[in-house]
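We call the chains A, B, C and D, going by the order they appear; numbering starts again at 1 in every chain.
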Amino acid sequence: MSTNRSRIRDVGVEPGELDSGEINAITDVPGVEVGQRSVVHGSHTDPPCVRSGVSVIDPDNQQNLYSDPVTAGTYVLNGYGKSIGIPQIDELGEIETPIVLTNTLSTWDVANAVVSRVLEAHPDATSVNPVVGECNDGVLNDIRGRHISADHVEDAFDALDGSAVEEGSVGAGVGTTGFGWKAGIGSASRMVDGHTVGVLVLTNTGKPDDLRIDGLKINQFVEEDTEATSAGGSIMIIVGTDADLTARQLNRVLQRTSLGLGRVGGIAHHGSGDFALGFANGRGSAISDSDLTILFRGVIEATEEAIYNSLTCSTTIEGFDGKVIEAIPLDSVKRAVASRNSSSND
Amino acid sequence: MSTNRSRIRDVGVEPGELDSGEINAITDVPGVEVGQRSVVHGSHTDPPCVRSGVSVIDPDNQQNLYSDPVTAGTYVLNGYGKSIGIPQIDELGEIETPIVLTNTLSTWDVANAVVSRVLEAHPDATSVNPVVGECNDGVLNDIRGRHISADHVEDAFDALDGSAVEEGSVGAGVGTTGFGWKAGIGSASRMVDGHTVGVLVLTNTGKPDDLRIDGLKINQFVEEDTEATSAGGSIMIIVGTDADLTARQLNRVLQRTSLGLGRVGGIAHHGSGDFALGFANGRGSAISDSDLTILFRGVIEATEEAIYNSLTCSTTIEGFDGKVIEAIPLDSVKRAVASRNSSSND
Amino acid sequence: MSTNRSRIRDVGVEPGELDSGEINAITDVPGVEVGQRSVVHGSHTDPPCVRSGVSVIDPDNQQNLYSDPVTAGTYVLNGYGKSIGIPQIDELGEIETPIVLTNTLSTWDVANAVVSRVLEAHPDATSVNPVVGECNDGVLNDIRGRHISADHVEDAFDALDGSAVEEGSVGAGVGTTGFGWKAGIGSASRMVDGHTVGVLVLTNTGKPDDLRIDGLKINQFVEEDTEATSAGGSIMIIVGTDADLTARQLNRVLQRTSLGLGRVGGIAHHGSGDFALGFANGRGSAISDSDLTILFRGVIEATEEAIYNSLTCSTTIEGFDGKVIEAIPLDSVKRAVASRNSSSND
Amino acid sequence: MSTNRSRIRDVGVEPGELDSGEINAITDVPGVEVGQRSVVHGSHTDPPCVRSGVSVIDPDNQQNLYSDPVTAGTYVLNGYGKSIGIPQIDELGEIETPIVLTNTLSTWDVANAVVSRVLEAHPDATSVNPVVGECNDGVLNDIRGRHISADHVEDAFDALDGSAVEEGSVGAGVGTTGFGWKAGIGSASRMVDGHTVGVLVLTNTGKPDDLRIDGLKINQFVEEDTEATSAGGSIMIIVGTDADLTARQLNRVLQRTSLGLGRVGGIAHHGSGDFALGFANGRGSAISDSDLTILFRGVIEATEEAIYNSLTCSTTIEGFDGKVIEAIPLDSVKRAVASRNSSSND
């Protein structure tokens, strides 16, 4: 198995035209922290074979979000999914808990764990709106076993941190696949006129021939054909920004994530539940709609790059039934890039 | 406590102009069954004091809904709630599990119990979309204790039955309140041109002065003022029909439930999460849009009457902190009705 | 024909519990002005028989709305209508022109007239979003003739005024019908915690038996049965407030108008295109969502009362084919009210 | 000015993996016809300089659409536009008139012309829902003059034809621009499991550096830099299929057009009103949702290719103020393609 992995910039691809943030991850957005817990134990021959996990995105420095919610929004590209918490976000335009990602069948256990945390911290709370996104990692993970526990969720919260985001086969991304390859967590950011917009994706969608990396059809540069996976699909796209947006404006930003997915070649197939969830933690001065275009561009570029990172950082994994999902071969990506560079020099 | 309760027709009110079905409940819709489990134990002085439960609405004779889904839709009047399963219904226009109602903080446990049932029945299933609606019964129930277990959900499913629906302080309605009074489960139905439309509500919204029963302002006929409750509010409106509607048509029907709530005097206050969820289990001939008006009228009338029943069938209950929520005094309702009748005879 | 008409308060009905504004019309909202032009000429025997008009609602003192838009929102209860301008309001949350009402088939002529005004005032303008709502007055008016001209629109703008609103068979309401009676323009307002919310309706929906005035089924107090009209139906509900709402909050307010229509007995039948369009012209301090409930109550009560006024102020009119639509008999309304009062005194 | 123009396939680009239809245009969909009227007269020195037009897409063989509507849907990526007719499509899931495209400020005149046609053909009609999409061609056209007349609309209807679609600077596309170049009308189609899906676009969005043609960043192959245009933007994407879809399913298809726009590099900037309008004229057997994926892929590929054609078929045009918008240089596109081919052969 390949374990020596790279972000997409390390192989020479810099998608888009805007500058990335310093870390080039959602944690570039001031106040945003990410915590992850991978749950990996057992194997094909020693069941249960668990290849799953939890990823938490905290929008506001682990402050008391329940008492002091931040502006939030949603965009549903394909609602064939189990994501929790969306109606209240749409109604109130805010979130009162961090966003948590996990596997499809652990969605409700994870929601309950988030609720437990709030109930414990707030002795008078009788209502909580947990926000949980999910992808189906059933190709690799014994998903029916619902192996994610409240302790795993606690571990992910304990790991919250504002520095570089671990990418690839980690957290909720341990067992997901994308464009026929092993995929997982990816992140990127863009500077947008004094603000930052960051994206974290959990990729689990696409077939091999669809993948374009910065316009390059990677599958044409792969030595032998990989076998396409047939997972249920889905992509969760988490967007954060410190621009002081209204929920309506934020929804406009979120809707553009589909343009980033389009650049990568995604088609949002029937079985792929594709959701964007986002927040704006800024408490500064309002942004006029006519100044949103750079945020639109930023979220598109960051979505695109985050998806690439979710692929190039992931490692080959053997699943619960012995099936192996290969990591995307970095030398193929490099060959594709080199090919273009040489031709440009003609 | 008053325990001798009546449906609204028994006190002389017949809302609307359409005929009701034989049972005058959602179970008049061919194929629809309802099962409930009340969870009542402990008391103010012997905690935990549990006043909650589970109500299940099965759209299709307990057939294999997961393999053979029925058309479904949603309408969100006030999305300040935790209802689960809505995005997938909106995307696919169908449900693959029965609809289950419970209290707010047990939403995710109940969802998990529904998922367990499907996983057990379908050894290959790796994805399930449970649909759970909720109201906050925290005025009476020790809601923070999350006392609803998977066994309770099983009991409710075991109780599924197509005959008369138990109403009032039962199932998910054990601990809810409405218009200042004890409220709970109510149901009604209407015959609509050879088809039936039925409604089951879980009422938890409204303040005393707002209540109109068939136009009568009941609070003006109450001897002493009752104390208004200040619960979080919410109403869940479940609609079923055997008309063979598309999801788009069903959504039009569901949107009209708010006109029924309007007749009762509801205002959908900020804290009241008001959702309509519905299904059309007909597999006959398509209905043209121009024939929908009688369905609109039917769902409005059935919603109105179901809310009345959720009040007049409920019984006085003492809650976890010793607070007592009174049942609506039936003699006040009767006095209001009599007053109108006498004046009409002038 | 009856011409001596009353507002609903003049016959003893005060719907709801909140105080109305001084005028009890949408013009109680600071900055709001209304201008109307009735277009009435010809007759059954001297065609064309025109019974139509234009009503303009200006949200902001006839200031330069195009350069300085105000917050706006929409709610579509029944989208079977031709209203213009909604997608841009939904996207940007603002309006850049006053809202204009007219008959269905004159919608585009009226839109063009609004555009002409903006182009003239703004020599550099190359884009305008006119907002035009409509009802089908084809029962009385020679609607196919499209008799509303740009001059009529100009006249309505010239008539803009912040004092009492002319109600009944006036402006866009000259030829509309409601609940079997002649209907038209109606207005009302409510004081809501230091702010005002006002409603102006153009009523063209409902059948006789559905009508409830403050809970009283009026048709039961009518001497002889009136003949139900079979117009296409529709109601346009224009909402204004000086509370400083976001577009998201305003949309929550607008959605509640259906609860007001419900109180009146409306069913939003298939052929009735029912739209709420609104604006918030406040530029003060933001309102928190938890303070919205009184605005919800206010808009419900004002919608209810405005519909009553649209009926009780309208006058009997003979239409293009000689058909006469009667004004609602005020003595029937008075009898209904008196009957209730006498019974309450029992 | 370059006038010798090509479709994108003629310069060696075949986007996607599905087969196109025979014509590779929306007219491959059985029953679909397109008619266009370019309105070009005057010049910079001989005003008014008119560079605009009308494009009509008829979904059903010019049959009596008003009496026999076809299934229709919408998707709004950016609602900052004046498109007419959307609320009724969303409510009823059908269209009763062909879809017509024109310039922004002629939207209402064109709508009126469509209404006139229906009124004339249907002596009893008192309600019509015209569907008009628009782009702002004010960079080249004297848009404020509103030069599109009812006769122009008639001419476009008279030109309805089911053969090859004229592309580029024609009809509503005479005066639009895209990605800094002259753009206009483009079309393409895909075969999808026994059915056809076709797309016709009116392109008016994007800046030069954003453009990717099949992944190739064309601007890097342009000899001298072109000047970016700053038009208001917008893209209208018309989708037709003979698959027998419900309106809900069609809406899922339409939403995927944004993934096609994403492949081209579009960002849906603030000022770009981006709408997809579509119809399904099939009257065969229903399609199950799980069979929609190939339709999703088809609409994405056809959208992508239609946009390319809207660029490569357009010709250089001088506008009302003397400004010249250049056609995209085909030799640059060819160089980009050749560069990739040579590198693939390395």
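Just so it is clear, a contact is a pair of C-beta atoms (placed from the backbone, for glycine too) under 8 Å apart; a residue touches a chain by one contact, two chains touch by 3 or more.
Keep in mind it's a predicted model, so treat the numbers as computed, not measured.
Is the C-beta contact count larger for A-D or for B-D?
Higher C-beta contact count between the two pairs: A-D.
Return the chain whose centre of C-alpha atoms lies at maximal distance from the corresponding centre of chain B.
D
Would you mind pulling out the distance in Å between where the CA atoms of chain B average out and where those of chain D do?
The separation of the two C-alpha centroids amounts to 47 Å.
So how far apart, in whole Å, are chain A and chain B when each is placed at the average of its C-alpha atoms?
Spacing between the chain centres: roughly 37 Å.
Using CA atom averages as chain centres, what separation in Å is found between chain A and chain D?
Here the centre of chain D sits 33 Å away from the centre of chain A.
Which residues of chain B are in contact with two or more other chains?
Counting only residues that touch two or more other chains, chain B contributes 78, 91-92, 252, 289.
What part of chain D is in contact with chain B in the complex they form?
My answer: residues 91-93, 246-248, 252, 289.
Over in the complex, which chain B residues touch chain A? Could you list them?
Result: residues 76, 78-88, 90-92, 104-105, 107-109, 111-112, 115, 119, 125-130, 136, 138, 143-144, 146, 232, 273, 275 of chain B touch chain A.
Along chain D, where are the residues that touch chain A in the complex?
Touching chain A from chain D are residues 17, 77-78, 209, 212, 214-217, 220, 252, 255-256, 258-263, 265-271, 289-293, 296-297, 300, 339-340, 342-344, 346.
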